[in-house]
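Below you'll find a set of structures to go through.
In the two complexes that follow, chain A is the common piece, with chain B as its partner first and chain C second.
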Partner chain A sequence: MSHTITDQPLLRAQGLTVQYGSKRAVDNLSFDIPKGRVVGLLGHNGAGKTSLLKAIVGLIAGQGSLSVLGLDPRAQRVELLQSLAYIPDVAILPRWARVSELVDLMSGLHPRFSAERARTLLRRTSVGLDDKVKNLSKGMVVQVHLALVAAIDARLLILDEPTLGLDVLSRKSFYEMLIDEWCDGERTVIISTHQVEEIEALLSDVMMLNEGQLVLYISLQDLEQRFVALGHDAATADAIAAAHPLLRYRVQGGQAALFDGKPPADVLAMGQRLRPSLVDLFVALTRRPEISRTQGV
Partner chain B sequence: MQAWNDKQALYQQLADRLAARLLDGEIAEGQAMPSVRALAGHYLLNPLTVSRALQALDEQGLLENRRGLGLYVRPGALQRLRQAERDHFLQHEWPVLRARLRRLGLGAEQLQWENP
Partner chain C sequence: MNTFITLLRREWLQHRLGWLILLSVPTVLTLGLVLLGNSAHIQLNGDDISLADARRAAPALQTLLITLIVMVITFALTVLAVGFQLPGLARRDVQDRSIEFWLSLPVGHAQSVGATLTAHSLLLPVAALLAGLVGGQLVAAAAAIVMQGPVAWLTQPWPAMLLGLAALLTRLVLGVALALTWLSPLILLTMAASAWLKRWGLPVVMGLLFAGVPLLDHYLGQDVFKTALTRLMDESRQALITTSPLPDHLTLSADVLAILMGMPAWALRDLGNALSHLASAFWLLATALGAGGFGLLVLRRQRGA
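And now, the complex of A and B:
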């Protein structure tokens, strides 16, 4: 196989560790992320999601090796930021500014920003160019933010809890714009979120962090092959439990069990195959059922 | 957001919905299928999932790839799809339904075919 420069992953971490004092926020992670992916980064609060994202954009230093778009995010940060876009969870836009002024500001700041494209994207939203940021709802601000960022000709987009605090309609428009305007098979986006259920269908891959460690990194397609969810009724509950599922949970109209790998055929025959959900898998692998399946929906 | 069930893989559910749109005549024979990107945006699905769904329809002989133009609904697709759905209904769904109708003592005269 020939490995040209384009075959290299967009992002490669090898033994990446981020340490605050004696606490390891990110603990010895190794992974590659190729182009054209939508990666969901899942983890409880304090699992290391934000630390990992900050290391990727060069905001904090880590040990081990990390290459983003072929660059060292610490040593080559200025160069990196020309092809990487980042919306942190605490992102704010200046309240005094008009939207049109933000477009002008970005044109001056970023060499690969297209003002024309930003205006086109903004036309898809309910936000006007003359609106002042301070008069916009939270959902509108996030839309403006995405429009500004999507107008950068970048290859990697990092979103840290992008839809936190937004209502359902704003979240939907946000994801529509993300799919339409960002996902072209070349560019990659990494999204960290608590709202697992609503982004599940958007993802190509999922990365689960628990206490700084990578407990699962798998494509959704492989996930469906590897994990087996089985719906069953109460009568077979004991036999199913004896086959050591990762997790047992309730579903509409009965019970279900989640297995890593195919259970024996006699067990498989006791139930009905279900689509394994990310939420259940996350609970099974982190053993802390804090992420509610209905949170914020 | 879009409602997907937990019974089947997402690509299969999308393939079923697109097949239903074909049967309803919403997407006609000889017409271009909506692009992967348009479908992904509409259904809020990852483009890879959309591609798999289209591939599944293609494998059923419903689509054809016109070079440089994309996927089109193959002439005769509707007939083929309806036949497949009929076979499936008669083999898998009808026996269950018939057993239930018998249990309830319902005959053709009670079912009111003509009045919706």
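And now, the complex of A and C:
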């Protein structure tokens, strides 16, 4: 299965497999990610998202071929991390440090880090430079981490469940900062999350993993053309079900069905076309992986 | 190089409070003991040197003896603390959950492990020697001023004193580096065991040292491993100092000027002795085992620690 959106990919995986003993966390993935995209990586717990991201960052080894920014993440990890920034799935800044100390340390450890820019970004948050990480809330720690990462002149940002455990306000602040500081059309972001609906507006592409396999990789623009959601009433439910939708679900005031591709015209005439949501698509593709596999998405 | 210095700075930022306390406590305690008239003593070259003796000595000898006492106590305490702390350092970043932050930075694993080891096993003991030297001067100054007046302290043979103490410090600093090469198998393999076996690492090492070594020697019919361990400890001690810079039987009337002026020559001679011990297959084996331990630590960090 290969997915190419444009030429000259920033990241290219071919037959990538990550194994823990006999368990395949990532199973034979092949895909390209070009520059300037914001890719949402969706999947249930244990779907292989973190393993895939760790392989991209060079933290775990995989089989197959993986090229990130033209480099081998495992063999050229230090060189790669000069142009790739990574926020893992938990607030992991050292608790003993003051924010100003982290800025100083980053200045010495990262050749593309701008301390001045980090201080400017931090001034926009409620966190002070003299604050100790251990005294900050989880939301504040994530804000500090994003400010530090945004001060790196990197080409690729990897975020693994960056807002896990944060309240709504913290999540909103995080995504606002991400949009303001990172999404400039040149730099690429890969963001893994469960909070699909919150990042939908942010994404240019979506990648869905299920049991280590890539069940969907598509741009949101193409998604609306390929998948059709039909709102309908109870009277037409049986006829719509007979057309084998990917998913049938309830919406306010009735029912809906999600189709991969345009349904027959008579079925289309039975309902009202809705915008397919990522959440419904996610449920459809990851709850019933056998459909996605047989249909070659 | 800038990266390595920053990594050393990270160690300082993380551990500075504990280090400052560790390095200053002996000076503060000795100062209290001297001023309150109590006694403490150390063994040097088979001689028991006490603060009570030091207080009765002439100002220059008093300064030398007090400096030696504070240096030895500060260094011994620091080495003890480092010995307890090193196995835990192998898993420090995993335990405080910051490991993924450090791994997300463009820093080589060997550099990260090397900086931690350098800071704790080399720079901290060296800092202890320096702190002991400076602290000893403070205590000696206080003792001399209180007991013999400021003039007595000021009129000491300072050029000889500075020359002698500088030679002593240089010899000991180089000795720490040499001793580390001898101790590297014990230090690094213990750390590697802690990194790979987690909480079982230290018990396994202790079990091997205290049960495995006697059993293996019993099986082999001769004390191969016990002898090797004993030699490692002896060599590391001699790497630090092979002969005392003080005369065999120090008395309060000792010629302190001669002792101090003889220090540079003693330092060179003693260092030469220590260096000559390195020309042995045993040292090569020890450093190879140490390098193996370092490799295991790097490999563990590469795998996410």
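What we mean here is this: the second predicted complex is superposed on the first by the 278 of 297 C-alpha atoms of A that agree within 3 Å, B and C clash if a C-alpha of one lies under 4 Å from a C-alpha of the other, contacts with A are read in each partner's own complex, and residues count from 1 in each chain.
Simple rule for what comes next: contacts are C-beta pairs under 8 Å (C-beta built on N, C-alpha and C of every residue); 3 or more make two chains touch, one makes a residue touch a chain.
Model, not experiment: these values are computed from the prediction.
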| item | value |
| --- | --- |
| Partner chain(s) touched by A:179 [first = chain B, second = chain C, both, neither] | first |
| First, second, both or neither for A:96, with chain B first and chain C second | second |
| First (chain B), second (chain C), both or neither touched by A:275 | first |
| First, second, both or neither for A:224, with chain B first and chain C second | first |
| First (chain B), second (chain C), both or neither touched by A:81 | second |
| Chain B versus chain C as contact partner of A:243, first or second or both or neither | neither |
| First, second, both or neither for A:201, with chain B first and chain C second | first |
| Contacts of A:164 with chain B and chain C, given as first, second, both or neither | neither |
| Which superposed partner A:110 touches (first chain B, second chain C, both, neither) | second |
| Chain B residues within the chain A interface of the complex | 1-2, 4-10, 37, 40-41, 43-49, 52 |
| Residues of chain A defined as touching chain C within the complex | 54, 57, 59-60, 77-82, 85-88, 90, 92-97, 101, 104-111, 145 |
| Complex contact set, residues of chain A against chain B | 38, 168, 171-172, 175-176, 179-180, 183-185, 198, 201-204, 220-221, 224, 229, 251, 272, 274-275, 277, 297 |
| Of all residues in chain C, those that touch chain A in their complex | 2-3, 5-7, 9-10, 13-14, 93, 96-101, 103-108, 303-304 |
